[in-house]
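As written, the chain order gives the labels A, B, C, D and E, with residue 1 at the start of each chain.
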């Protein structure tokens, strides 16, 4: 009844993405001396932590067979709210951060209610929300970048040393968030219900899951996670930036799909998403270190993305 | 056994989007004197014909439960290929156009083969292709806009008069394309197979449909349609523009979804897509005519998009 | 971060990085070419990166970090978000890398070691003055085809234009304002809709030449290409040809090659002697038109074509 | 005696199809009630309406004599009504144990469970194994996703789940349709055991031998309505089938030939 | 006489589950062959392998004595093999007529059909109505999408389709599982008619009365293998069930008790 250990590892859904990631790392290690250093890996994690965190929320929503195009915009708005409140309205920084998180969660809630109450397709709800929030960000910020942040807001950008390598507190928080959601999805009833909902809302309903509440909950939690991404962004860039996040919706979906989660819902893991985000970060960093001109970076990234999923697909075939 | 006529109209899947479109038109007609004129409608059609044509290909692919993120990029490349061949390599314009169409179809074919042969998710395949084709466009064009086009290439931008209104040949071609694909999807075996495939690839396979060939065919035909969009774009703008099409992937998906087609495949119509494209065009034009500032246009468009699908959803409920 | 800083040179050529706003604007492509040529002449290795869209701060930060990790001596950057990029630049400078802004100043300007750029406010002001003079007292109906919310170049040029024209934001003479993201197709759609709204528009300000060409196409379709005054900024070869053909009345020419060459040379100097560049170097802006008006300095298209880029 | 579950005049329309056309329903305490009828007669629609899975357009439902309204299946379940739906509400990508406990997961004992809300996967797996064992459904692996099970195995999971949780009423929509001889026998045994512990069972089935073997009463559904309530002892199989297909009708508890041609066609004189 | 369709040593593994474990199969001309076995015995896997829906890992298939390999169901169909799959290959959002003719649509006569490839929807609708009529499946509308049909109605569509198109072999995987008494009877009649026109039929069923009523021969599948081939006339139902569940085995054509406890449990002495 129990599979052998190697077999189990091979058949975990993250095996394929992981193989792709390892292959990419080996390749770049050969191509650039600077690649395989603790400092460089710490850097890559810093670079993917914002999209990675957004991708946690995106994973939750995609697991329910939804999609979120508004996450980058919500994050940008959250970042502006927390920084403006602290810098311009003089709110205590922690309160300002809490307000930013609450605003993001509220937008998530709004998405969830529209999806649930009127049964609208998530693609359209979040597309509309993307436009609304984008506009609100620019109107509210008057297109001004917010600077001179209090230290509490950039704390997550500070570093501590782990065996000779500087790691930011933000990187740590990101990793912890991934572990938290891996736990929630894999080890709690709530996680099971998310998967069941993604498999079939009708089945979930018939088995007595409160699907409406669950959907609204998932979108709200996702919104809250976007708020955390906003804080990570603010602490990484040191400013509140109204231009932020414009391609992060597609980037986060890319991380999710590269991580082996199905866009049709019900199948996938949040650790896969972490690997998916890292794959993109490793490509970008490695190609840059190799000195590849930017337009060729785009070309090669395109090819590598396809190759990465091919590796995943082939590794799945073997275990079938 | 036969439904009554009004009932049939109400229960056609395009009824909801159509209602939303009509409501929007009525609203803008009250708000702006210039809105309800033949000239303005002719303009709206010109403005949506490129995205609309792209959205035809997008509809085909979404009906098979796929998605295409590369269509705008493919179109841009096709436009550069046809204009460069004609202007710089002196190819006869019609031959150059044919070459452009062939290149677009070839990229579609490549997408199809990757989806079919390796069973990769369409999202990833076309995301990779987007990057690849984008880079190729800039490398091949050296970022130069191609000007001084031969008249054959801009012919579709010419107008003819219909009852006092100038209509471009391109608008006419777009409408004809929509009708053609409505026919192919609704009245031929090929169309039935596309729907069956989108419902369930396994069922389609078990009933003896050659699903592999069908998938590759759909992506290739979509590529060809993107080539026609390239020609429409070239004739509308009068240049070959390497920067074209960058937001057209999401825009075309939006038109498809607004038109009532399900992102999960197997349900939807191409005429719905036409209506979806028109909804977006009418919003943009109407808000502009009302003198709404750009950023508020974005805000209102976001709200209106959600409202439009809500109308659709409510109209469906009634016939249930 | 604690990465091997900019000082730690690799064996071989010293490296210099160029980070542009986007990959798609010929302006930046020219800039890259200029940098490539200068790097070769100086015996340096050039690394390039670009944002995904105008305003993309995150990608520019990532590029700065990766270039520092790769051990560059200096970074040339056209900042997308002039304030938001500042902390990342500071980190790079702390790691011993010299950072020079091209095309667009950071805020504050001294966040970078040096700046090589057009004066964008002046670029707008020149075409504003030109338009005012060319209208010769006729009542103006103005359309402004702008960039996008919150990108400083766009705002600087727009404000400069208004100042040059002698009006303030909200003036009733401005009958239509629309964002184009500097894109030709979007410029065309914006112009079409503006014309539908106010058919008597007679002055069109455009953020750059792609937007201007889009506007021209729309005007031509409406039979108004001869009667409406279009002004723009850039001075690319395509744009100057359009000035020559009368499609654009006047344009403020910029010199991206100069920015790039001077930037690379400065980094090379630093690599060799340790001497850092400083201050603002105006790479100049010239009004190009074949229909000069009195009181506004301008050069003709022959000059424009001789000095154009792209 | 008040019926445990009762319905009066249920109507459900889908566009121009009327699935329920004023259906009545009565389930008495402790009985096995078989619901039979042609394909499309509205059996599934009826029990979906009774268990909160579908909102009737008209009519009322009474539980222990008191009017109720189940807005969703969860509310019905809270009243102790467990259902095996015909389309087998199982989540395809999840495994057997997870499906068995979907919506009533068991948490680990101690703070791990209360504080960290951690699932007790081992216990759920073991209990599922036991329930499946009871039904004698042969399984080669318990960790397979349900989508990879054979048709009958999947049905076994759905039945085992309902039986495991039932407290007040068990409703089963063709629970043995895909089951083998041995497995069907187990399900019938199971139904008997449930009844014997006092819980009434509603069984929809097309299998007349099964119906006659186990039912205390038969509800005959036809064209969206209940057309008869019978005791198996009072009629033979042929008669019941005749009533079901409309060849006979029931008047004053006696079957009467309604459609001569039809009755002859199915071999009743 | 050479078998029409034959298989030797078919093996199919899914990870660590072995669905087919060296299965043999023989179908003789003009016969109705019932395939029976417990849930999970590998019946569906067997016929999927025979009809191109699944590629066996090992073993060979012979058609009229010649080795064949069907890479997909279409190839099998081209050889005249029609199949009703257990999971009812119907396209949910399409209507009955479209499903009936999926993959063999009829075009309009004349240039409309040949040149413009226009479907003859009216004709397809009429013919479907006729086929459904033959099975006496009550339908209230022919233009409903298949997903809104009742379980039995949906099965009717799948059966009608296979019977309409069969030319060489018809394979049916539990075709009557969801059907009512009347509808089941129609399907059995249909099978007889198909056999009588000379086309052999493979019928998977758990319904022993049906099997005994109609089968010329019985193939017993157990744990992924064929464990017996019987004639219904030579054995009674209880014996056959015993063989199926492993309580008895067949040696030299005679049933022998293999597992005493098991045999007693099912009431065989």
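Going forward, a residue touches a chain if its C-beta (ideal position, glycine included) is under 8 Å from a C-beta of that chain, and two chains touch if they have at least 3 such contacts.
These are the chains along with the protein names UniProt gives them: A, B = Fructose transport system permease protein; D, E = Fructose transport system ATP-binding protein.
Since we're looking at a predicted model, the values are computed, not measured.
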item	value
Contact-graph distance - origin chain A, target chain C	1
From chain D, the most remote chain by mean C-alpha position	C
Shared interface numbering between chain B and chain A [over half = same, under half = different]	same
Centre-to-centre distance between chain B and chain A (centres being mean Cα positions), rounded to whole Å	30
Averaged-CA centre spacing for the pair chain D and chain B, given as whole angstrom	48
Computed distance of Cα centres, chain E from chain B, in Å	44
Centre-of-Cα separation between chain E and chain C, whole angstrom	72
Multi-chain contact sites of chain C, meaning residues that touch two or more partners	23, 53, 149
For chain E, residues contacting two or more additional chains	14, 16, 141
Chain A: positions in contact with at least two other chains	3, 138, 295, 298
Footprint of chain E on chain B - complex, ascending	1-3, 187-190, 192-193, 195-196, 199-200, 202-210, 266-267
Residues of chain D defined as touching chain A within the complex	53, 72-74, 77, 83, 85, 89-94, 98, 102-105, 107, 116-119, 121, 141-143
Contact footprint of chain B on chain A as seen in their complex	65, 67, 69, 114, 118-121, 123-125, 127-136, 138-139, 250, 253-254, 257-258, 262-264, 295-296, 298-299, 301-306, 309-310, 313-314
Chain C-touching residues of chain A, taken from the complex the two chains share	32-34, 37, 39-40, 42-43, 46-47, 50, 138, 141, 143-145, 147, 159, 161, 165-166, 168, 233, 236-239, 241-248, 284-285, 288-289, 291, 293-295, 297-298
In the complex with chain E, residue positions of chain D that touch it	14, 16-18, 37-41, 44, 86-87, 137-141, 144, 148-153, 156, 174, 177-184, 206-209, 241, 244-245, 266
